[in-house]
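The following pair of complexes shares a single chain, chain A, combined with chain B in the former and chain C in the latter.
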Partner chain A sequence: MKETELKHFVDSTLQYFQHATGSPATLGVPYVKKNDDDLYCDFTGIIGISGSRRGAIYVCVPLPMLQELAKIVTGLNEVPADAVRDMVGELANTIAGNATRSFERNFQISVPIIFEGKPKSVSIQLETPVFVLPSQWKGYQFSVIVGISD
Partner chain B sequence: MTEEIHITQRSRIAAELDFYEQLKAALVAHGEWKFRLAKGIDVGCLGLEPEKIRVDNQCVFGQWLYSDKTQPYRNNSHYEKVRQLHAEFHKEAANVVVLCHEGHTHEAKRALDSRYADISKRLAEAIDTWLKDITKKGIQNQQEEQQSTSNLEISRYARYGLCIGILSGFGFVFLSLFLIFWQNSWDVNFQNLIQAHVLNWAQWVVDCAPFVLGSVGYFLGRYFGINKTESIRLEKVVKQRTAELLANQKEMKLIRDNLNEGVFFLDRERKIGSQFSPVLKEIFEQTELSGFTLLEVFRGRIDETTAQELAGYLDLMFDKTHSETMLSSLNPFNPLVLPEVAGLDEKILRVLFKRIINENGSIEGLLGIASDITKQVKAEREAERQRELAKRQMELIGQILETGPQMLLLFRQQTDSALKQVATLLEQASEEKEMGILIDEIYRHIHTIKGSASLLKLKDIAHAAHVYEEELTKLKQKKDISTLDFLPLSIKQGNLMKQIEEFEKLIERIQQFQISEKQSAREEDLLLELVRRAVEAAAQETNKELLFTASGFEVVQIPTHYFEPLRAILIQFVRNSAAHGIETPEEREAQQKPRQGQITLTVDALENDYRLVYSDDGRGIDPEKVKTRAVERNLLTAEDAQKLTTQEIYKLLFKPGFSTAQETNMTAGRGVGLDIVLEEVKKLGGKLTLRSTVGKGSEFIITLPKAA
Partner chain C sequence: MKTLIVDDSIIMRTALEKFGSELGLTIVGKAANGKQGVEMFKEHLPDLVTLDITMPEMNGLQVLEEILKIKPEAKVLVITAITEKSVAIEALKKGAKGFLNKPFNEDSVKNAIREVLGK
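After this line comes the complex of A and B, so read on.
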């Protein structure tokens, strides 16, 4: 993973929140971990990458943030639980799609997979090194996790 | 008319072409006959029939010569000469064969070298002359054809001119007569009129008008005809040239459109010309190229320095004082790397240039040939990367093997712990926290990894840790650190983790290799399986029921190098047991034994040896039968046999050429078996002991040294 590529994920995340919600998100201090390190969040949206690049992008979001985001995006006061759940997939899809647009094009990205709780049994593996981009939006902590091979 | 002439001439040319081919073939075929005859004389001209050879219309050329195809040439002097000589040639050839058949080999050879050779030569010369004549005529015919076309045109226009002239002359005469008649008709009689006309010399001049005008018309027509012919000829030439030009243009377009390389012209202003191969657009990733400079084409893909370098190179290419060959080695377009930009992947191009010199000797422009070599370069890069990786891995394996397992374990624990702590520090970091302190803490952990890696000579890990340290130092020196500044740090950390992961993967692979090595030690299972299969096969072969059991192999590990000889020995034992030892199920039942014959194999480890005991519960070895067989086989005398002890009798079984089986079959040996077994055991430095009790069974004990 190149620095410019990682930067695309940061930009893509920040732009999404700015444009979709009007409220900016901020980046925390990024860090690196191994692919087998534990990961936990309420909801995870996963996008798998295959082809010349392999790996995955996880977007890890707490439920209250997802509910808030769903309300803003849909304009509804009460968003059905299913729609809230789908929101995390949509979020992962948008961030991954925009960020990988600048990558060499001989790879494919999967449809989003939504996971509730610990995504331990998910077959789409993050490739080491796994870059964690901790971020904040409206006081909520969430993470974009990128583990893609070179 | 003209078209008819063309057709006639074309068919004549075609006919002559056929003629030409036939004559050529005849020249070769008749030349070969000498060789056939000379060869035939040596073997009495077997297979050569003089009567058939004598006739001159049976060979291919003869058939053609007398066919309708040659009808138009029958009056030709060449034809008659060739026909006569061809007939004589056949006669002489037949005479040679006759002499040969009559046994006059010498005369036959002489005839072949004299009369036959002479006629053959004359025939060849006649054919050759005819051939030359045809070739010459062919050229003349073409010229004549062109000439006759022109003459026809000219004479046609001359005839038109003559007719028009004469007609106009007569018209003139009639007109003048009419005018005279009209003027004088009311006061002069017709006779006077004629008289006046005849006496009027001027009137005679008028009467000559048809001839004068006819001649003038003829010459004018001829002149016009010549001009017309010339103009037709010129028109034809123009049409022909235009067609050639169009064909050339079409060919050029086809070539240009199908080129895999982008070919273009660069004028003195460094602009791309209007003609270029379509693939150039794809190579340069631009839709508009004509009229643009190369720097404009690559704008946004190359930096300022590269742009200047490229422009400088093109200037040099347009400067005739510099050698083109020398410049080609400095070409910055070979390769030209267009770095990845938003929406466009990295692209590597090769653009070669060639000066185009005009008639004044100055440089008119440059011919550019561009190709996309991205795939090729990337494949080379990947191959180089793989080579480098393999080299590094080999070095790493060397380091891993040199380092003791305890040290490796310690290192792995240290790095794992250090990296986790770094991750925790960064995870818990916030912008409020003093970044300098955070960086120092991270630095300490990374430094530990670097130190340990250096100690174990793990160069790549130590280098990656060093690079990470440098990035930390850079970050610390920054005044206002934002979270984005941690991105390059993350990348360096990622590289370090990748190096460590690679190292761990290698260790895992080495461990797996060791495990598989240990697993291969369980080859005794394979050995026992092979013996079991041999037992089954022997049981089937001999119609006996056999049961094989083995013990001790779970505990005792025999060195693997014993397996192969043991396999051969044990299979031989099984064959012996099935053929000689174990009785038929019926016999066994009669002897109160279980129907199934028991074969057992046990192994145990003694202090210095391994001991394998192979036994069966068959009929045992009868010393008397062995003695009898040994005497029968002349291995010893009956007298000597009587003196032998039981152990000595058993030893006879291990002598080469001994076999007690009544019949040899697939299972029982042909006198080879136990002698080979003994030899094998001896080769292994072991011992073989045989114990047997008649009616109870036999036991072979193999002792093999532990330290082989």
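After this line comes the complex of A and C, so read on.
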């Protein structure tokens, strides 16, 4: 994937939090992921890309952030655990879907796959180079990870 | 007003139930896929349906066609990602009364429902 295409993921992530929560997210400087990077996450939402381009988008989020996000999105003070878990899939789905609107649409995006923790081995693989967008929302650190072939 | 929510995302169903109930809607069912949505529609014959487009089993457009055959006067609010604008337009041509883009928030959900209901 070209570095210039990363901007779509930056914009989509910023737009998601501003629109869904009214509280902006901030993004740090993107970098190319190395094998020994240790990204912290309690839950990961994965969207696979297939067709003329291949790869995936991972969104790694800590549980307290998901819980707070789910409360805002649903308007509930207490959100059931299954809905909190589902939140990471919906987050990944919306960020990926809106980011890829500027791409040529001769590829498909999958329904979200949700992992507890950080997946070590999954069938949907990131294509190199893998870019990490280090992000923050309401003081919580999270990561959007993008690896899509050219 | 009897309302059916059709969405494969638990978090979206939860949010739509909360905001719809606050508008005085009676949520008669929450379906997790398109096929289940058509079955629940036949059972409850709701007046309003919130309908996600991208779902397993049957997609939102297929569901829309099925439910309007059963009850043509049903009001359908289609929920789409921004990427699916052309799909939203197709849904309007097929008889949906409005569409709502994701990500949504409380205000955008309530405004979209009010608009579909003409309130």
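The rule is simple: the second predicted complex is superposed on the first by the 141 of 150 C-alpha atoms of A that agree within 3 Å, B and C clash if a C-alpha of one lies under 4 Å from a C-alpha of the other, contacts with A are read in each partner's own complex, and residues count from 1 in each chain.
Here is the rule we use: contacts are C-beta pairs under 8 Å (C-beta built on N, C-alpha and C of every residue); 3 or more make two chains touch, one makes a residue touch a chain.
Note that the structure is predicted; figures quoted are calculated from it, not measured.
Superimposing the complexes on chain A yields a three-chain arrangement in which chain B and chain C fit side by side.
Within the superposed three-chain model, A:Tyr40 lies out of touch with both chain B and chain C [touch as defined at top]. Contacts of A:Tyr16 after superposition: chain C is touched, whereas chain B is not reached.
With chain A as the common frame, chain A serves as the apex of an angle whose CA-centre rays point to chain B and chain C; its value is 80 degrees, to a multiple of 10.
Contact with both chain B and chain C is seen for A:Arg101 once the two complexes are overlaid on the shared chain.
When the two structures are aligned on the shared chain, A:Thr128 is found in touch with chain B, with no touch to chain C. Look at A:Gly89: by the touch rule set out above, it reaches chain C but stays clear of chain B. Measuring only between alpha carbons, the smallest separation of chain B from chain C in this overlay is 9 Å. In the superposition on chain A, the residues of chain A contacted by chain B and by chain C overlap at 101. Partner chain C is touched in their complex by these residues of chain A: 15-16, 19-22, 70, 73-76, 79-80, 82-84, 86-87, 89-90, 93-94, 97-98, 100-101, 111.
On the chain B side of its complex with chain A, the touching residues are 340, 342-343, 345-346, 419-420, 422-423, 426-427, 429-431, 483-484, 486-488, 490-491, 493-495, 497-498, 501.
Within the complex, the chain A residues that touch chain B are 1-3, 6-7, 10, 26-34, 37, 101-102, 104-105, 128-129, 131-132, 134.
Per the touch definition, chain C reaches chain A in the complex via residues 8-12, 14-15, 18-19, 22, 54, 56, 81-84, 102-106, 108.
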